[in-house]
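Paired with chain B in one complex and with chain C in the other, chain A is shared by the two complexes that follow.
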Partner chain A sequence: MTPKPIATAHLDGTAKQSLEVGRNRLLVGGALFAVAFSVIAFRLADVSVVKTAGEPGVAAAAQARAFTAGRADIVDRNGVILATSLNTASLYANPRHVLDAREAAKRLSRVLPELRAAVLLGKLTSGRTFVWIKRHLTPRQHHSVLRQGIPGLYFQREERRIYPQGRLFSHLLGFAGIDGVGLAGVEKQFNDSLRAGAKPLVLSVDTRIQHVLTQELAAAVGEFRAAGGTGLVMDTDTGEIIAMASLPDFDPNVPNRSPAKALFNRATLGVYEMGSTFKVFTIAMALDAGAVRMSGGFDASKPIRVARFRITDYHGKNRWLSVPEIFMYSSNIGAAKIALALGTRGQRDYLGRLGLLTPPSVEVPEVGAPLVPSPWRKINTMTIAYGHGIAVSPAQFVESVATVANGGIRYPATVLKPLKDEPAKGRRVLKRRTSLEIRKLMRLVVTGGTGRQGHAPGYLVGGKTGTAEKTGGRGYRSKALVSSFVGVFPITAPRYVVLVLIDEPRGNKRTHGYATGGWVAAPAVSRIISRAAPLLGVAPVDEESELVRRALRVRIPTAPRGRQGHNIASF
Partner chain B sequence: MIGFARTDTSIMAAWWWSVDRWSLAAIATLMGFGALLTLAASPAVAERIGYDSFHFVKRQMIYLVPAVCAILACSLMAPKGVRRIGVALFFASLILLIVALAVGPEINGARRWITAGSLSLQPSELMKPAFAVVVAWMMSAAKTEENFPGLSIAFALYGAILLLLVLQPDMGMAALISAMFFAQFFVAGMPLYWIGLAVGLAAGGVALAYAYLPHVTSRVDRFLDPASGDSYQVATGLEAFMNGGLLGRGPGEGTIKEVLPDAHSDFIFAVAGEELGLLACLLIVLLFAFVVVRGISRGLESQNLFVLLAVTGLITQFGLQALIHMASTLNLMPTKGMTLPFISYGGSSLIGISITMGMVLALTRKRIGLAGI
Partner chain C sequence: MRGRVTVFWILLAAVVGFGLFQVKYKVQTLEDDLARLNAAITAEQEQLHVLAAEWAYLNHPARLQELSARYLPLRPPTVDQIGTLDGLPDARLPANGGPRLDDVGR
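Let's turn to the complex of A and B:
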C-alpha cells in the first residue's frame, strides 16, 4: 500500500510537530558532525606538524624490524660460537617477467647443476608471480646467477642458521628451520628471545668437555656395538650442565638428512630404569632418615621371594652383608631390605624431594616425564631400591646424584650459564653428614667394588655401576641391557658428576663377554675424567696420602652384632 | 559555465538554478582529488600484485563516467522520482545481495561480490542510498498517514538487510547501515528511551563482535595497546603524515604506498597526507565537512518530512564513511576498512556514493511550497 501524497495546506498538527522535532534533532546531528570533523582536523595537524603522537609507535616498529634482521647467536660458557646466522641470498622468479623460459631454465641449470632443467622449466612457465628457485645460495652461486643476467629472477635477502660445531651439540641446540624458527632443542625453547635479542644466548656447556665426552661416548658405543648411548657432565654445586651428548646424533645444519631416531635426545627425553646406580639414593635416604646406620647390615644369603618375583644378587656373596658391603658389591637383596627398613612412604618422599618423580626443569623442549609406579606397592619399593620399576631421564638422574654428593643441596639442572652476580639457588634435601657417608661408599665402589675400571689416577673418583635389563614385550630381556656408570670427582670435595650410559651394549672378547656397567661404562668415565679434569681446573692429588686415606676411611663390620670389624681404607 | 538565462525554463536550466551549486563544486573537487591520488597511489599497488601499472587508474577513470552521469541523473529528479528510483534500486540490490551470497565468489572469506566477466559489482554499495530512501519514506508515511505501519516495515527491512550483511559477512557495512538507520529513526522522532536502547544495542554489538570475532578482537587490542601486536599499518600510516608535513612531498613522491597493502583504498588518506601535505588534507576535511553541513542545512529548509529523513540517511552515510576512514588512518579508532567517498579506488563504491550525493542534490534543490510529494 502506498501512502497518499498530501498537500501543504493539509499538514495536520502531528505532521507539523514531527517535522519540528526532526529539524531540531537533525540540527543536533549536524553539530555532532561538525565536532567530529574538527577533531579530525586537529589530529591531522597534530600528526603532520606537531609530530608527537605518532613517534613512539613508529620508532618501536622500526626497532622491531631491525631486530628481526638477525637471530641471536648461541655461545658456550667461554664464548665459543655454537650457532650463528649468516646473511644469504635466495633465488626466486616471477615467471610473468621471464621472457624466454626455456632459455632461462637451460642457463640456470648450467650454473646450478643440482636443479634439473625440466623442473625449472615447469616452475618458470607456471604463470604464477612467485616461485622459489633455490634458497640460500653461496656467494659464488649468487655471483654466477647474476652473471647470467636472466630477466625475471630476483634475490631475497635471507638468513641461514649455521652450526659451526656440526654434530657436537646436536640434541642440545636442536635446530632452526629454513624460515628461522627454532624447531627443536634450545633453538626452540628460546625461539622468541633469540629472534628478538641482539645479545647472544650463553649456555653452561663447555665445548672442550663436550668434545671429550662425545669422543669417549662414541668410542664406547662403537666398541660394544651398542644401539646408542648418552652422557652428561654436571657441576655439582650449581646444577649447570657442562656437557651433554646423545648418540646417535645428527648434523643440525642438515637435520632432515638424519633418520628420525637420531633426533631423539636420550639425555633428557629418554627415560631409563637405571639399575644399581639407584642404590646411591636407596642408601642415602635410609641413612638420612636414620632407618639404617653405616655399622648395620642385612642377611643376603637367600633370595627374596615376593609374589611371583624373585630378587637375587648378581655378584652374590651369600652371607650377611654390612651396609657398605651392600653398596660395594651392589647387593639387590640388601638394598631391597634397606628400602623396606625405610618404608614405602619414606622412599617416595625422598625420591620426590630429589626430583626423581617429576620432569626435570632443564631448558629444552624435549623432556621426558619419569615413569613412576602407581599404585606404589611393597614390591615396587623393593625393586626401586635397586633401580627397577622406575624410569628416569639421565639428566634428572645426574641432578639427583649431584645433590647426594654435594652435601645434600639440590640445584635444578640447567643448560644456561648463570649471571655472575646471581648465585645458584639450591634447596637442602639431605643432611650434610649423609652426603659425607655416601661419598665414602662411592669411593669404595671404585677402590674395591664393581666400579674399579672407573678409577682415574689422581682424581679420586667415587661412583656406582648400574646394569639394568630392558623391558620388552612381556617382562625383562636379559640380553638387552642399559649399562651405566656415574662418577663423582674429586670425591673428597665433589666438583663434577659424570654419567655414561650405554644402551644395549654387547660384550666382547676384552670384557670376557660382559656388558655390565662396570665393564662398559666405567672405563669411559675414567677416560673422560682423566682428560677433562685438567681442562676443568681440577688438580690431581696423591691418592695414597694420609690425609686422603683418613678422610675416606670406612669401618666395615663383618658380623651381625657387636663383633669387631676391620677397617678398609680406600686405596 | 553559467550558460543558462534566469528566464530559461528548460529542464537543465531549471536544474542549474535550483541545485546547490556549492555542494556540486565541492563534490567535483573531491572527485579531482580522487583522480589525482589514484594516479599517485595505485600504480605501486598494481605493480605489487602483478597487474599493469595503470590497471587501477584506467578502471577508476572509466568508472568516473557513470559516476558523473549518476550524480547528474539523480539530481535532476524530483523528490518523487528519487523515491521511485530508491524503491526500485532497493529491491534490485536486495536480489543482488542474495545472488552474491548464493553464487558469488568468495574473496577473503566473504561473499560480497557479483562478477560478470571482468566487471564486478558489490550490491551492498548500491543498497546504501536505496535503503536510506526507503526507510525515509516508510518513517515519514508512518507520521503522515494514519494507521500505516511504516515503522514496522522499516524495521523488518532493516532486519533483513542486516541479516544479509552479517551472512556475507561484512561487519563494516552492517555497522554503517545500522548507524544510518538509527540516525533516521532519531530524526523521525525516536522516543527518548529508545535512544538509550539504541546506544545499548550498539555497545552490545561492539562487545559481541569484540568477544566472538577474532579479527575484531585483535584490531581493538592493537588500537588500545599498540605494543600488543602488529600495528605496522597504522604506524606506517602515521609516518606518512609526518613525512608529508605541511606541504607534502609532492604528488607521486611518496613512499608509503610502496609498503601499505591498501594504499589505493583503505589508506588513501595517508597517501594524501604524505604527498599533498597537511594543507591539502585540511582542504579535503573541509570539503567533506562542507558537503555534510551544507546538505543538512539545506535539508532543514525543507517542509517535507520525507525529504528531511532521506537527507539525514544519505548525508549520515556519506559523512560517517569519510569520518571512519580518516579516523582510522589517523589512529583515532581501531582500523576499519572503509573507502573515502569519491577519493578511494573502487567502482561500486564510487557509483554508490554518486547515487547517494545525486539524491541529496535532488532533495535539496530549491522548491517552493512543497510539503508533500
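Let's turn to the complex of A and C:
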C-alpha cells in the first residue's frame, strides 16, 4: 500500500501572489472586527460599571396616586372644612342608542320625579348623540337609575363643589359655578391656586365664632325688622378676620335660588356713613397730634351753624363738655370742634394713615371703595368728625378701630391665616399713649355712656355706639338709620374687635321705640362677646378689682380749666 | 473535554434563563398586587374625603346647638363658672384656721 501522496502545491507566480493578497485582506478584516468589538466591550463596561446613569440601581415601585378631587378644599383656622369637591355622577343620554324612548322617558321620570316625562321624551327623541339628562346625581339617584337598566343612558364622572357649612360663610366663601370656576368671594379671589389642587386654603375665620356672630346678628335683624345687617370679629394684633357675616345671606350650594340682593356682601362691598362710632378716630387723631388734651373741653351748649347746615347733639347736655364727656355722651358739636382744632389737613392725613381713604386689602373680590368728600371743605371736616360725609366699608372700619385699640399699629385686614413663623407686619400710626387714652374713653361709654347695653360682665368691653341717618334722594332720612356698635375687649389689653351694624332697624316696645346703636347693636355685641370670649380663650376678670379700676381711671373736668374741681370717674 | 464544557454552558444558560423568567413572573404578580392596592388606597381616600365632608356637615354648629339643647343639660358657661388656679384656696391645712378646702362653695 503506498501512502497517499501528499498534495503539495508549489505555487509560484501569480497564484502565490493572490494568496498573499487574500491573507492580507483577512488580516485587515480581522483587525477591523477586533477594533469594533473592543469598542463595544469598552462601551459596555463604561455603561454598566463606570456610569450609574441609565437604568436605576433599584427599581422604583409605582406610588399610590395621591387622591385629588380637583379643586382644593377651603378650611377654617382649626381645619374645619368650609368648601370641598366631591365626585358625582352626571346622567347623559345618547338618543341614538335608546331603543324605546317613550318607555325610557316614563321610567326615568319615575325615579327622577323632578324631570317631566314630556321634556325627557323630547330630549330622547332629539336625534343628537349627546344630551344631558341631569347633572350631579346623588348616590341614591345614581343607584336607582342604574337599576332601571335603560340602554342609551350613560354616566359622566363630574366634580361638584360642596359647602358643608351651608349659609354660614356665604359671602366670605362666595361660590363656584357648575364647571368649577370660582364666581364670587374667596372662591373667585383664589380661583387659580384652588384649581391647582394640592393643599387646602386655610382661612383666618373660626366656624364657632362665625356661628355665634351670625346667630346674634340674625336675632337683632329679626327683632328690629331691619333690612339687613353685618358683623365682624377681628383679632386686634394681626388683622385676621375671625368672623364676618352679612345678612341677608344665601346658600352657596344653590346660589341661584337666592335673590340678587342677598349676594351683596355688606361687610366688604357695602360702604356706610358710620355715624358716631367715627368719633373714636376724631378724638384719637386730635389727642395724638396734641390738638386737644384729655383735660380739655369745648362749649357744646349751642348748635353750630355752617352755611345751610346745623350741627346738633342727639343726647344733648347743653353745657361745656370735657373731651371724655364729648365721647361718652357722643356730642356732635364737641366732636366737630375737636376736628376743627386739628384742622382739615391733619384729619385727612390721619384718616389716610388709618386706611380709611383707600379700599381695604381684604382678600375678596367684592371690596367697596370708600366715599370721600372732594373737595374736602371745612364743613366736611366737621361732619366727618361724627361720621357723616364719609362712607367706609365695615371691614376697613374694624381694621382702623383695631389700630386705635391695639396700641396704634395698623395691621391690614386679612381673611387668611398667617403662617406660623410669619409674624404680622404692622405699621405704627398712633402713639401708644393715644391708644391707652382712647381705650379708657371707650370703657367710659360702656360703663356710663351711650353704650351701656354693650356691657359683657367679666370681659371689660369698651366701645362706641353709632347711629347714622341714611342718605336718600336729597338729604338725610331721619327714619332710615344705620345703627352700630363697635366693641373692643378686654379693654385693658385688647384682643378682639367686634362690630355689629344694623341697616334700617325699627324700634320696638322693648327699646321704647328707639333704634339707635346703643339700643339695637350694643346688646348683640354684648351677647356675642359673652358667648365667644370663652371660645377665644379670653379669661374673665373681676371688673371691680383695684387693679382694673386704677388702669381705667379717667379724670373728667366738669368745667374749663381753672374754674372748678374734677370728677374722677373710675368704673 | 470540549463536549463537557459545552454541556456545562448550555445547562448554565438554561438554569439562568429559567431563573430569570421566574423572577420576571414574580415581579409581574407583585406589580399587579401593587396596582390593585394603589387603586384600593385611592378609593379609600375618596371615601375618606366624602366622609370628611359629611363630618363637617354633621358638625354644623347650628345643628350641634340644637342637638345639645335637646339632649344635653349643658348650657353655655357663665363668667362665674370660669376661674383661675390663683382663685383656689390653699389646699394645705393652715395652722391658724384660715379658709379651708371644706369652705369652698359655701
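To be clear about the criterion, the second predicted complex is superposed on the first by the 496 of 571 C-alpha atoms of A that agree within 3 Å, B and C clash if a C-alpha of one lies under 4 Å from a C-alpha of the other, contacts with A are read in each partner's own complex, and residues count from 1 in each chain.
Everything below uses one rule, namely that a residue touches a chain if its C-beta (ideal position, glycine included) is under 8 Å from a C-beta of that chain, and two chains touch if they have at least 3 such contacts.
All values derive from a computational prediction rather than experimental measurement.
Undergrad: Applying the document's definition of touching, compare chain B and chain C: which contacts more of chain A?
TA: Here the partner covering more residues of chain A is B.
Undergrad: Identify the partner contact of A:L168: answer first if only chain B is touched, second if only chain C is, both if each is, neither if none is.
TA: Only chain C is touched by A:L168; chain B is not.
Undergrad: Answer with first, second, both or neither: which of chain B and chain C does A:A34 touch in the superposed model?
TA: Only chain B is touched by A:A34; chain C is not.
Undergrad: With both complexes superposed on chain A, which partner does A:A15 reach: first (chain B), second (chain C), both or neither?
TA: A:A15 contacts chain B only, not chain C.
Undergrad: Touch check for A:T129: first (chain B), second (chain C), both, or neither?
TA: first
Undergrad: For A:R43, decide between first (touching chain B), second (touching chain C), both and neither.
TA: first
Undergrad: With both complexes overlaid on chain A, does A:L26 touch chain B (first), chain C (second), both or neither?
TA: In the superposition, A:L26 touches chain B alone.
Undergrad: Please work out whether A:L86 is in contact with chain B alone, chain C alone, both, or neither, and reply first, second, both or neither.
TA: second
Undergrad: Considering only the touch criterion stated at the top, classify A:V306 as touching first (chain B), second (chain C), both, or neither.
TA: Neither chain B nor chain C is touched by A:V306.
Undergrad: By the touch definition above, which chain A residues appear in both interfaces, chain B in one complex and chain C in the other?
TA: After superposing on chain A, chain A residues 61 contact both chain B and chain C.
Undergrad: Can you check the complex and tell me which residues of chain B touch chain A?
TA: 49-50, 137, 141, 143-145, 148, 150, 183, 186-189, 226-227, 231-232, 234-236, 238-239, 241-242, 244-246, 273, 277-278, 281-282, 285-286, 288-289, 292-293, 296-297, 299-300, 303-305, 308-309, 311-312, 316, 319, 323, 326-327, 330-332, 369-373
Undergrad: Where on chain A is chain C touching in the complex?
TA: Per the touch definition, chain A meets chain C at residues 61-67, 69, 80-82, 84, 86-87, 162, 164-166, 168, 207-208, 210-211, 215, 457-459, 530-531, 534, 539-540.
Undergrad: Chain B touches which residues of chain A in the complex?
TA: Touching chain B from chain A are residues 1, 3-8, 10-11, 14-15, 18-19, 21-23, 25-27, 29-30, 33-34, 36-37, 39-41, 43-45, 47-49, 51, 53-55, 57-58, 60-61, 94, 96, 129.
Undergrad: Using the touch definition up top, name the residues of chain C that touch chain A in the complex.
TA: Touching chain A: residues 31, 34-35, 37-38, 41-42, 45-46, 49-50, 52-57, 59-62, 65, 76-77, 79, 82, 84 of chain C.
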